[in-house]
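First chain A sits with chain B, and in the next complex the same chain sits with chain C.
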Partner chain A sequence: MKTVILAVAIRILIPIFIIFSVYTLFRGHNHPGGGFIGGLIGAIAFVFHTMTHGPQQTVDTFLKINLYGYPRQPNQSRSLYLMRMMRVNVWRRRKMAHHPEIKERMIRVEPIYIIATGLLLAAGSGVVGLVFGQPFMHAYWADFYIPIIGKPGTPILFDIGVYLLVIGVVLKITFVMSEE
Partner chain B sequence: MNHLLIMLPLLIPLFGAILSLFSWRYVRAQQVIGILAQACMLIASFLLLFDVNDNGIRTTQVGSWPAPFGISLVADLFSSMMVITSSIIGMAIYLFSIKGLDKARQTFGYYPVLLILQMGVSGACLTGDLFNLFVWFEVLLICCFVLIALGGTKPQLEGAIKYVTINFLASGFLLTGIGVVYGILGSLNLAELAVLVRTPVSHPALITMAGMFFLIAFGIKAAIFPLFFWLPASYHTPPIAISAFIAGMLTKVGMYALIRLFTLVFVTDQELTIPLFTVLAGFTMVIGVFGAASQNDFRKILSFHIVSQIGYMLMGLALFTPLAIAGSVYFIIHNILVKTNLFLISGVVAHNRGTFALKKLGGVYLQHPFLSVLFFISAFSLAGIPPFSGFWGKFMLAKAGFEIDSFVIVLVSLAVSLITIFSMTKIWNEVFWKNKPETDPLDDVVTAREKKDNRLLHLPVLFLVLFILFIGVYAEPVVSMAQLAAEQLLNSELYINAVLKK
Partner chain C sequence: MFLAILAGFLLAFAAPMLYRWLGKWVYVPMALLPLSIFIYLLTLAPAVLGGNNLGEVQQWAPSLNINLHFFLDGLSLLFALLITGFGTLIMIYAGGYLKGHPLLGRFYLYLTLFMTAMLGLVLAGNIISLFIFWELTSISSYLLIGFGHDKETSRSSALQALLVTGLGGLALMAGLILVGMAGETYTLSELLERGHVVTQHALYLPALVLILLGAFTKSAQFPFHFWLPNAMAAPTPVSAYLHSATMVKAGVYLLARLTPVMGGTDEWQYTLMLIGGITTILGALLATQHVDLKAILAYTTISALGLLVTMTGIGTAPALEAMVVFLLAHALYKGTFFLVAGNVDHATGTRDLTQLTGLSGSMRFTAIAALLAGMSMAGLLPFFGFIGKELVYEATLEESPFRWMLFAVSFFSGMVFVAVAIAIGYGVFWRRAVKATPLQHPDKAMLYLPPVILASTGLVFGLLPGFFVTPLLRRAAEAMLGVEQVFELALWHGFNLVLGLSLLTVALGYVVYRFSNRLLSYANRFNGIYRLGPANLYQLSLKGFLAGATKITAAIQNGYLRSYIAAIITAHIALIVLSLWKDGPRLELTNRLQELSQLRMYEVVLLLMIVPALIFLFKSRSRLTSIAVMGIIGYSMALFYILFGAPDVAATQLLIETLTVVIFVLILHKLPAFRYLSHASERYKYVLLSLAFGAMMTYVILIVKQYPLDSQLKAYYGENSYLLGQGRNIVNVILVDFRALDTLGEIVVLAVAAIGILAMLKLRMQKGDKP
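Take a look at the complex of A and B:
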């Protein structure tokens, strides 16, 4: 479904969706919101992008990163090599992409790994209580206060886990459905 | 410490599944993770059983919210015996699937889903909250749907749709029942419900009605007489590793929930429930065994026998004496092991011969005498020949029946045993004893690799037979544990005090 209006609008809407979803995620402990609903709102951004540009484009834009580099020369110092690699990948990406010596390496995030990470975070946040001899999912809160986010604690880890899980599942479903 | 012990049967499969998801592309790694998780699970569940056996009912409150408000997890003897049995057959199924399941299915998430299914079984057995029971049954339903449909062949999809449709209906009944209970009593914690139904102000008729919702819901899940038809229609479709786990475990979890609820909560109107259960148990046994006698497919015979055996477990609940409930508990444990093992044996036979149809099979005794011995032990355990395990379960049930003069149901159960022997003998004659039908001689050539695979396939069967022999020949500790479990089930005070900490 290629429409110009949606394609233009979605470029402005995606950051709004994502910022709003993160906002919903963090206000969730004492107000309506939380990981599940935040994840769904965040997933809308990707779903709309897939609807306008197709799944391949979504993967290329959001879930894939190309790293550029070349093998280290025998007598080149390691720190110099690392700094050059960083410069290649951070500042001069476009130029380096067509450089003859530079090789491309693609890192792609599959939705299944987002799901697994989310599950691990959510389940891991519950284990913290067990480690200290309390029941599963016993909440632990930090003593300090971060502006905007508030007091960090194990429940927010759980919510972030759910957020990632929901985004991963929706992405997977969207990709599979739009391929058919 | 008890917080950790109760959580471990849930956490080990969960973390195993997460790690398997991370190694999505590496089937070998998933196999290793799965086997390790099963081994840990086996150890953890034995530790849980010893702990419960020494210290009585153990509880934990998830998230530290106190009992009637938060989520309680309760481990008594019955539930920890269920967890152990599930981890034993989980181990066997994992060992079997490495060689017994095709690579395509293994790559599409078979291992993580099976681990989540096991978490669901542990959760349903350990939860002390009605709504959580529903959630765990949904976990079971979803995982079973994935496993039955995995691979997507036509008969599988047909079976999966039948399975899911009827089980959705069951979930609907279950949810309605939970809603009614919450509407009447205002709580979903099983211990608090047990207190509330025993106070005189409650409404006995409405509670009985809610109980009937639960009877229908778990009756469908456990395949009780008028509601069993989905089971033989769907259990023979997926590959054997999958159908062995589902067939061995899932109906018994339904039965577990039924026994738990009708000994703890819905005990107010026993003039209605006990005759009802007696009739249902009798019909379930008879119809199941006749269905099995008329079949000519290895797996279909076994599927119908599941239905028939469910009748025995229900019979214990219908007699409602301590000995009868102990018989039910013992019978459930025995039946999970034996039924899974029979399915696995049919899988080994089919792996060699490529078919489950009795007509095309034959001569297995000549080729695999050891497998035949293993089948013999399992089949005669199922039929209830002493000294094998089925005998003790049936003996306890029959004795409990005679003690309270319910002769009809005992006679029915003994007659059904005879017909069970008939169908086991039929399998023995057709598959193991009779001469092999004429086939292409090239099929009989066994390569060295196939021989090695075969040996690996025998391993889980042998593993289960050891446990079957243990609970049969050395029945005393298991039987006495079942009797203790029955005492705990019938003495609701113990459960209530443990959860509400009075």
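Take a look at the complex of A and C:
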């Protein structure tokens, strides 16, 4: 579906959506919000993008990381090589992208990986209790306070897991349905 | 002991990796494990042989009274030494037998897993853990039989073995629990002292039936014997190890173990004697009807197992002594024979008895092993098998009403054993032949050393019976009898009746061997009987079961979403109406009607939005309109939530509605044109159903609201949300902290649903695929 207005608007709106979804996620502990709602908001941003640009475009824009690299020379030291790689990939991306020696590698973030990460975080937050000899899902809280995020603790981790999982599930469903 | 088991499991799962690293040398660590356990058990042996039973407890689920008890007495020690000692040889043998096989690592994984499970079974000091190890042996046996999974026969044989032994395993579990209830303990050492309590208990008979079912399926007793010959589809090391020496003896072990607990009654004695006797005769008869080496060995194994069960059934001191001696002797010579058969198969490419002749020249060491094992099996003088057979005859000839029948059974099987021993130990290798069967490759040390060692052990035990074997077997028999035993094994008992009978057996066995060709020609005449045999019944019942399952699935899972939902809702309505009808409170409507006057303006407005929208939805003929109207209804619902003070729920509802509408729009243009596929009456049926559902839910809610809600939970969450959960939003604190486990379950469901949608939409069935 090609609608110019929505297509332009969604580009500007996506960062706002995402920031708002993260904000909702973290405010959830004290005010209405939370991982589920935050995840839905975040997912809606991408779903709108898919709606206007198609799933391939969404994947290319948001779920793909281009890494550049070249094989290490035999006489080059490891640390130097790592530094070079970081430089190529971080602050000289644009310039190096067309360099003849540099090869491009793509990492595609499948929605299913996001689901798995979310599930791992949520389940892992429960394991923390087990490690310290408490029952599964025992909550641990830090004593300090971070602005916006609030007090860090295992329930927050759990909520982040829910957030990621919801985003992943909605994205997966959307991609599968629109790719047909 | 716990460490030994643990090491076994760890090494088992490391096997594929070790294969990748070590290549063909992988057998070294795999053989070292059973060897080291064997040596470890030998260090424990003096204590056990001195009359002390060793125990060890690891807490597992103490609240259920299930612990990892390990228990070592004479009987367990005998089996454990057999398993690890034989296991060492098999590990080496398998390395040679499957050399270069791409899945050798996996094979070692299965084999070590089996060995560990079997070790756990015989060392278990708690009948529940015994059962778990028992099931593990069934599963690993399934994997091992199906190792050549590209062949149809191995797959179906594996499944057959799993189904038969698994069925027995289920029965066994029930039986063991009943025994545990009758004896009021699951710990073996305590149970062993409460035999008189268990046999007097009302649950004794059902427990006995179930346990015997488990033991008989595992030990391939009639009428479950048919899985064992089919299990010979496994690679030969497996046949030798699982299906002759160890796993099939698990049933015998169980019977022996439970003799002090459940034995001694008439039911026990007669069932074991009858079934064991039938199995002995049947196995011996069928062994004469085959020419495949492994099939012959399988049927003689069945026969030997039957004899062991019969001996256990007789239950007198001499019979139990005879049983342990015969068990050891049988494991030694039958294991050798299987390994020899594997060697022959590997070197010549055939296992057909009629085609194999004169191999003694080309396979010298294998031939020696076969000869030694054959003499032991035939019960010739300086061998351990001779002692075993003497004792069996002695035990059957004791004063009892069935003595001649029992003797006939053991005599008949002994005769066939002699014939088989001559046929394999002599006929294949040493008989003069015009032209020896050609070899595809020369005999290999890794293949002939294990059988030679095993066979010479039989000779050493026979020559020196008093050295280590007698105390071990004495303690083993003691564990079954529960009283101190004094018996000495001796090779020479003097000239007596038993010796004469032994000689007669050998002579008659030779006659059977001479006429074996004529016996084979009768093989086809029994086909009519086989059709009624248990193997065929198994096939029929399996087919019927599958057909029935297909029909039921087709009826219940018809693939229409609407009928699933209709079924769920109908069941829901029926259940609630039933419970309300029986003793539900009555609804007082008068007060409620008065409350209607307090309706607020905006509530009425929302109602006026939802109800017409619903009616409109029902009549709409356009998908886009329907989706939009659905959106209206959803958002109105969200407004309701806001009005009644549930912002979290409202937000979720709003977002879900938005997503639903967006996703619908996304796929709208891909859907086929809107059509009515069902008759109008069909649709009215669903309208009625949903009306009924709505009415029922309303009624339930009204009744619930009629009583003041007295919930301590609400107060608890309200109080502790901030103090314990560090959050002021109670809903969220409940979701991520108080009841986080529920949420975890829900998100797992969500993830699984996403994968399910992927599978449903992406993985299209190809034409001709099975559903």
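FYI, the second predicted complex is superposed on the first by the 180 of 180 C-alpha atoms of A that agree within 3 Å, B and C clash if a C-alpha of one lies under 4 Å from a C-alpha of the other, contacts with A are read in each partner's own complex, and residues count from 1 in each chain.
The rule we apply is simple: contacts are C-beta pairs under 8 Å (C-beta built on N, C-alpha and C of every residue); 3 or more make two chains touch, one makes a residue touch a chain.
All figures in this text were calculated on a predicted structure; none of them were measured in a lab.
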item: Touching partner for A:112 - first (chain B), second (chain C), both, neither; value: both
item: Touching partner for A:166 - first (chain B), second (chain C), both, neither; value: second
item: Contacts of A:123 with chain B and chain C, given as first, second, both or neither; value: both
item: Greater residue coverage of chain A in the superposed arrangement, chain B or chain C; value: C
item: Touching partner for A:25 - first (chain B), second (chain C), both, neither; value: neither
item: Contacts of A:133 with chain B and chain C, given as first, second, both or neither; value: first
item: Chain B versus chain C as contact partner of A:141, first or second or both or neither; value: second
item: Touching partner for A:59 - first (chain B), second (chain C), both, neither; value: neither
item: Which superposed partner A:45 touches (first chain B, second chain C, both, neither); value: neither
item: Doubly contacted chain A residues - partners chain C and chain B; value: 112, 115-116, 119, 123, 136-137, 139
item: Chain A - residues contacting chain C, complex; value: 1, 28-37, 40-41, 43-44, 47-48, 50-51, 111-112, 115-116, 118-119, 122-123, 126, 136-137, 139, 141, 151, 153, 155-156, 158-159, 161-162, 165-166, 168-170, 172-174, 176-178, 180
item: Complex interface listing, chain A residues touching chain B; value: 110, 112-113, 115-116, 119-120, 123, 127, 129-130, 133-139
item: Contact footprint of chain A on chain B as seen in their complex; value: 1, 3-4, 7, 11, 14-15, 17-18, 21-22, 24, 60-64
item: In the complex with chain A, residue positions of chain C that touch it; value: 647-648, 651-652, 655-656, 658-659, 662-663, 665-667, 670, 724-729, 731-733, 735-737, 740-741, 743-744, 747-748, 750-751, 753-755, 757-758, 761-762
